[in-house]
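Next up: the structures, one after another.
Consider the two complexes below, in which subunit A is the common component and subunit B and subunit C are the respective partners.
Entry: the complex of A and B
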C-alpha cells in the first residue's frame, strides 16, 4: 500500500496542474474548431464562446469546399500516405526479418548502413533528390513522394521491427522448417502475424510525419493535381488570409483526419512508445 | 529408405567446410530477396542523394556547366559577407532554438511524466492522450492556429491576458524582431513536449516497485524520492530526447515557413538553417535558386549533425552513469 503522502502537491494540486496543462494542449485546437462554425461577427465578437443560434454559420466550409479542391487534396494525401505506408511496412518487415533471422557476413554492416538514416534527415539530400526526380520525369507525381517517404520511413521501421522479430520463438520457425515450409512462408505465415502489434505501432509512427510533411510536397510535387492536404491547406490559407471563416474551416478540415486517427489509435501508439522505451 | 540410409552415411564423410557452405548457399537467395527492396529504395533515395549533395557542394555552375571548385563554396559561405552573414545568423538562431528546447522541453517533459506516473492517478489515459495530441498535428496546422491566436486582429490572446489583468503585456510577438524567434520556439516546444514526456514516462514506469518501496522504508518520499531515486534513473532517456531534439531542429522548416514565410521575417529574425537552405536552393523574390550553394549549406548541416551526435555519443553518453535495473 503506497501512502498518500508520496503525492508531492496533494491529490487536488496534481489534478489542477494536469488539467491546466490539458487546457493548454487542447485549447488552441478547440478554439479553431469552435470558431469555424461561426459567422464572421461571431468569430470576432465572442471568440471564446461556443457557436449559438445567432452566430452559427457554415459559410467558411462552403468557401473551402467550393474553391479549395480540398477533397482532391485529401485524396492525394491518402494515396501518398497509404502507398508509402504499405511499402515501408512490407519492405521494412522483410529487411528486418533478414537482418534478425539470418547470420551472414554483411549483416552488422547493413544494420549500421540503415541506422545512418535514423540520424540524418532525408531533407539534406533534397537538392540531389530534386535533380533525380527531374531527370526521371517524376516531378509532380504521387510516385515521387511515395518513393521519398518510403526511404524516409524504412530505417526506423527496420530497427523497431527487428527488435520485435528477435522475440519470436525460434522453435516455432524451426518447426516450420522441419515441416518443409519455405523461408517466405515462414516469414509471411508465421512471423508477420506474430509481430502485428509492432507493425501497427510502426504504421502510426510512419504515417504521421508523412501526412504532415510540407517540405517535399512543396519542392517535388507542388502541382495542383498532386497537392497534399498539408500543402493545400498551407497555400489555401495563405491566399485567404483575410477570410477568417475560410481559414478556420480549412484548418478544421485539415485537423480532422489526424484527430480521428489519433483518437482511434492513441492507445496503440502510446503502448508502442512505452513498450519500445522499456526495452 | 535406401536414400535416407545413403544420406546418413554420406554426411559424416563430407569435409566440414562443404557441409556448412551447402545450406548457406541455398539460403543466400532469399536473404537477398528479403533485403533487396528496402536496400534499393533506401540507397537510391537516401544514400545516393546525400552523397550527391556532398559532391554538388564541390562544384559551381558557370554558364550552365558544372565546374569543380574544391572547397571554395565553403569559403564563400563562411567568409563572404553576402552569404556568411545569413549563414551565421541562421546558425546562431538554430543554436538558440535548440538551447531553448533543451532548457524548456526537458524540464516540462520530466515534470509532466513525473506527475503522470504517480501511482493510482485517476484519468491518466485521458491526460496522456491530451498531452500528446499537439505532437500529432502538422506544423502547418499548429503554425496557423497560433498565428491566429496571437494575432492582434482576432484579440484572443489580449482577451485572455486581460482576464487575468495583464492586457498591457500583449504585443504582436510573432511580428517583432526581438521576440519572434522565442515565440516560435515556444510554439515548437508546445507541439513537441509530448515526445520527451512520453519517453520519460515510459522510463519511469520501468523503475521497479521494490526500489521505490525500499526508498519509502528509508523515509525518502515525495520530491526527495523523485530527485534522489527517479531522476538519476531517467538521465539516459533525457539524453536520447536531447539528441532527438538536436537532429529534429534541423528539420524545423515547416513551422517558420508557415508562420513567417520563406524569408523568415521579420527581417530574417527567425531564419534557421532549414529556411536558409530552402531559400538558397529554391530562390525567392530576392535571389535566384542556386543548387550548388544549397548543397553546400546541406553539407554544413550534415557536418553539424554529425559533430553533435558524435559529441553526444563519445562525450556525454560514455560518462553517463547507467544503473542496471
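Entry: the complex of A and C
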C-alpha cells in the first residue's frame, strides 16, 4: 500500500511546517515576555537570551503597576471588551436565529446586507463614526467603543452563527413549539446550547481584535478616564526616550486576560472549527 | 374526545400548490394513516393539523373547535417526529415532563404521569439518562412517552419508524398498535411505507400530488382501489397493469392483476420467458417477459407464488389471472365497477 509507506514521511513534513509556523507565531510573544523580566541593560545587551541572575529585574512591572492609571486602563479594556462581546453574541445569535428560522419577505436581502459588513472594513468609516459620536456626545465614553465594536463584530457573528443554526434540527424546534415553549425559550434553551461551539468560536474571533485595538480608542476615546490597555501602554513610548521595561511588562500583562479567556473557550473553539469541516 | 375534521385544506408555497383541497373526518379513537409517495403533501397536512404550518385556506377542527391560528401547544395534540427531536441536554424524565411543567401541572401529577408512561413503554431504567446515551429504538420510545404524558386528544406521528432499522421497525410498529388499543386515543400517522399503513390503520388516506386519492379500510383499498394510483400503491409487489388488446377484451382501457393473483402453469392466457427470479423462501417472485402482451411500466409481468418453486431464468411459463381478480380501469384511470 503506497499511502502507508509514505505516511510517516508526509507526517514528519507536516509537523515540520507546523512547528516552524508555531515558532514564527510564538517567537515575538516569547521575546516580549522574556525581556519584560530583564533590566534595561539586559534587554539591550542580549535581547535573545533568557533572564539570568545578572539581568533579572522586575522594574518594568513595578513601573507599570506603580502607576495607578494602568489598572484603570485594564479595567477600561475589560469593560469595553466584555460589553461588546456580550452585545455581539446576544444580538448576533438572535439575528442569526431569526434569519435561519423565519421565512419572511426580506429574509435573503437582510442576510446579504448583514454579510456586507464582513467585506467592508469598518475603519473606512472612521471619520463618519467620529462625527456621529461627537454629535451624540459619546466621545470619551465606554459606550462609544462598545457600539463601534458591536457593529464591527456583528456581521461575521451573524454569518457564522446563522450557518450553524441552520444545522439545528427543525423537528427539535417544532417539538419545543408543541410542548408550549416560547420562541425565546426555544432560542435560549434549545438552540443556543446546541450551537455553543460556534458561539465560542465567534467569541474568540470577536474578542481578540477588540482587546488589541489601538485605532478606535485613540480616535474616539483617548481621554484618561477611558483609555484602554493598548493605548495606555503607549504612554511609555516617548518621542525621545522609551521605557522599554514598562512597555514590555504592560504588553505581557495585556496578553493575560485574553489568554485566560482563550483557554476557557479553546475546547469549544476546536469543536466549532472542526464541526463544519468533518460533517 | 379527539375527533378531527379537515375541510377544504389548501396550502401553497409561493406558486406551488402542495395541498389542493383536502377534506377528511377522523372519528374519536380512530387510527388514521396518511400514506403516499414523498412530495404528496402528507407531512405538510400533518404539520397543518399540528399548527406548525398555517394552511392557505380551509378549516381545521379538533374536537369540534376551530383551530385556525391556534398555537400548537393549545391544540390538545402531541407529536412524534421522525428524528425523535428529543431535547439533547435534558434527561429522559425531563424530556417527558417539560411540556407539563410549561402548562403549570402540579409536580406530583407530573411525576405520576411520567411514571405511568414510562411503565407503559418500559423506560423506567432509563429515566435519568440523556438522549445521547440511548439507542434509536429507546429514543423513539421516549419520544412516544413524551407524547403520552400530555394526554392529548390527538396523537400525530410523522414517519416515526423511518430512522429505525428493519427489525426495530417491526417491533416498534407492534408497540404503537398495542398502545393505540390500550389508550384508545385518536392517532394520525404519516408514512410512505404501505406495510405500516396496512398493518396499523383503521382507515388509510392515500394521497398523491396534494389530493386525497382514496380513503378506506386497509383491505377495502386492497380489494377495491378507486383508481390506478391506489391500485399501484397498495400491495407489494405492485399490481401488473396491462393495456392494449387484453384490456380491450375486458372492455377497459387498462386492466390490473396483482402478482399473487396470477396462476403459473405450462400454458396460460399469457406466455413468456422468466427473465428474473427472486426466492424469499416463503414465496418466490417471477418476472416474466411477455412479448405479445402490452404490459405498462416495466414491460414484465410480476408473479408471486407461495413456496420455493423451481423455475429458472429462461424457462417458458404461462400466466393466467384468477377468476374475478382482474381490476378494470377506464381511460381516466378510474376503476370500473365489476
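The rule we apply is simple: the second predicted complex is superposed on the first by the 223 of 279 C-alpha atoms of A that agree within 3 Å, B and C clash if a C-alpha of one lies under 4 Å from a C-alpha of the other, contacts with A are read in each partner's own complex, and residues count from 1 in each chain.
In this section, a residue touches a chain if its C-beta (ideal position, glycine included) is under 8 Å from a C-beta of that chain, and two chains touch if they have at least 3 such contacts.
Keep in mind it's a predicted model, so treat the numbers as computed, not measured.
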Of the two partner chains, subunit B (first) and subunit C (second), which one does A:194 touch, if any: first, second, both, or neither? second
Once the shared chain is lined up, is A:180 touching subunit B (first), subunit C (second), both, or neither of them? second
Going by the contact rule set out at the top, does A:171 touch subunit B (first), subunit C (second), both, or neither? second
Max touched-residue count on subunit A (subunit B vs subunit C) belongs to chain B
Using the superposition on chain A described above, determine whether A:266 touches subunit B (first), subunit C (second), both, or neither. first
Report for A:48: first if it touches subunit B alone, second if subunit C alone, otherwise both or neither. first
Hey, which residues of subunit B end up touching subunit A in the complex? 24, 27-28, 30-31, 33-35, 37-39, 41-42, 44-53, 56, 112, 115-116, 118-123, 125-134, 136-141, 144-146, 148-149, 154-156, 159-160, 190, 198-199, 201-203, 205-206, 212, 216, 221-223, 225-226, 237, 247, 250-251, 253-254, 257-258, 274, 277-278, 281-282, 291, 294-295, 298-299, 301-302, 305, 309
For a test of understanding, state which residues of subunit A touch subunit B in their complex under the given definition. 2-3, 5-8, 14-15, 17-18, 21-22, 24-26, 28-29, 31-32, 43-44, 47-48, 87, 90-92, 94-95, 97-99, 102, 104, 110, 113-114, 116-117, 119-132, 147-148, 150-152, 154-155, 158, 182-184, 187, 208, 211-215, 218-219, 230, 233-234, 237, 244, 247-248, 251, 254-255, 258-259, 262-263, 266-267, 269-270, 273-278
Going by the contact rule set out above, which residues of subunit A touch subunit C in the complex? 169, 171-172, 174-181, 190, 193-194
Using the touch definition from the top, list the residues of subunit C that touch subunit A in their complex. 47, 50, 52, 71-74, 77-79, 81-89, 98-99, 102-103, 146, 158
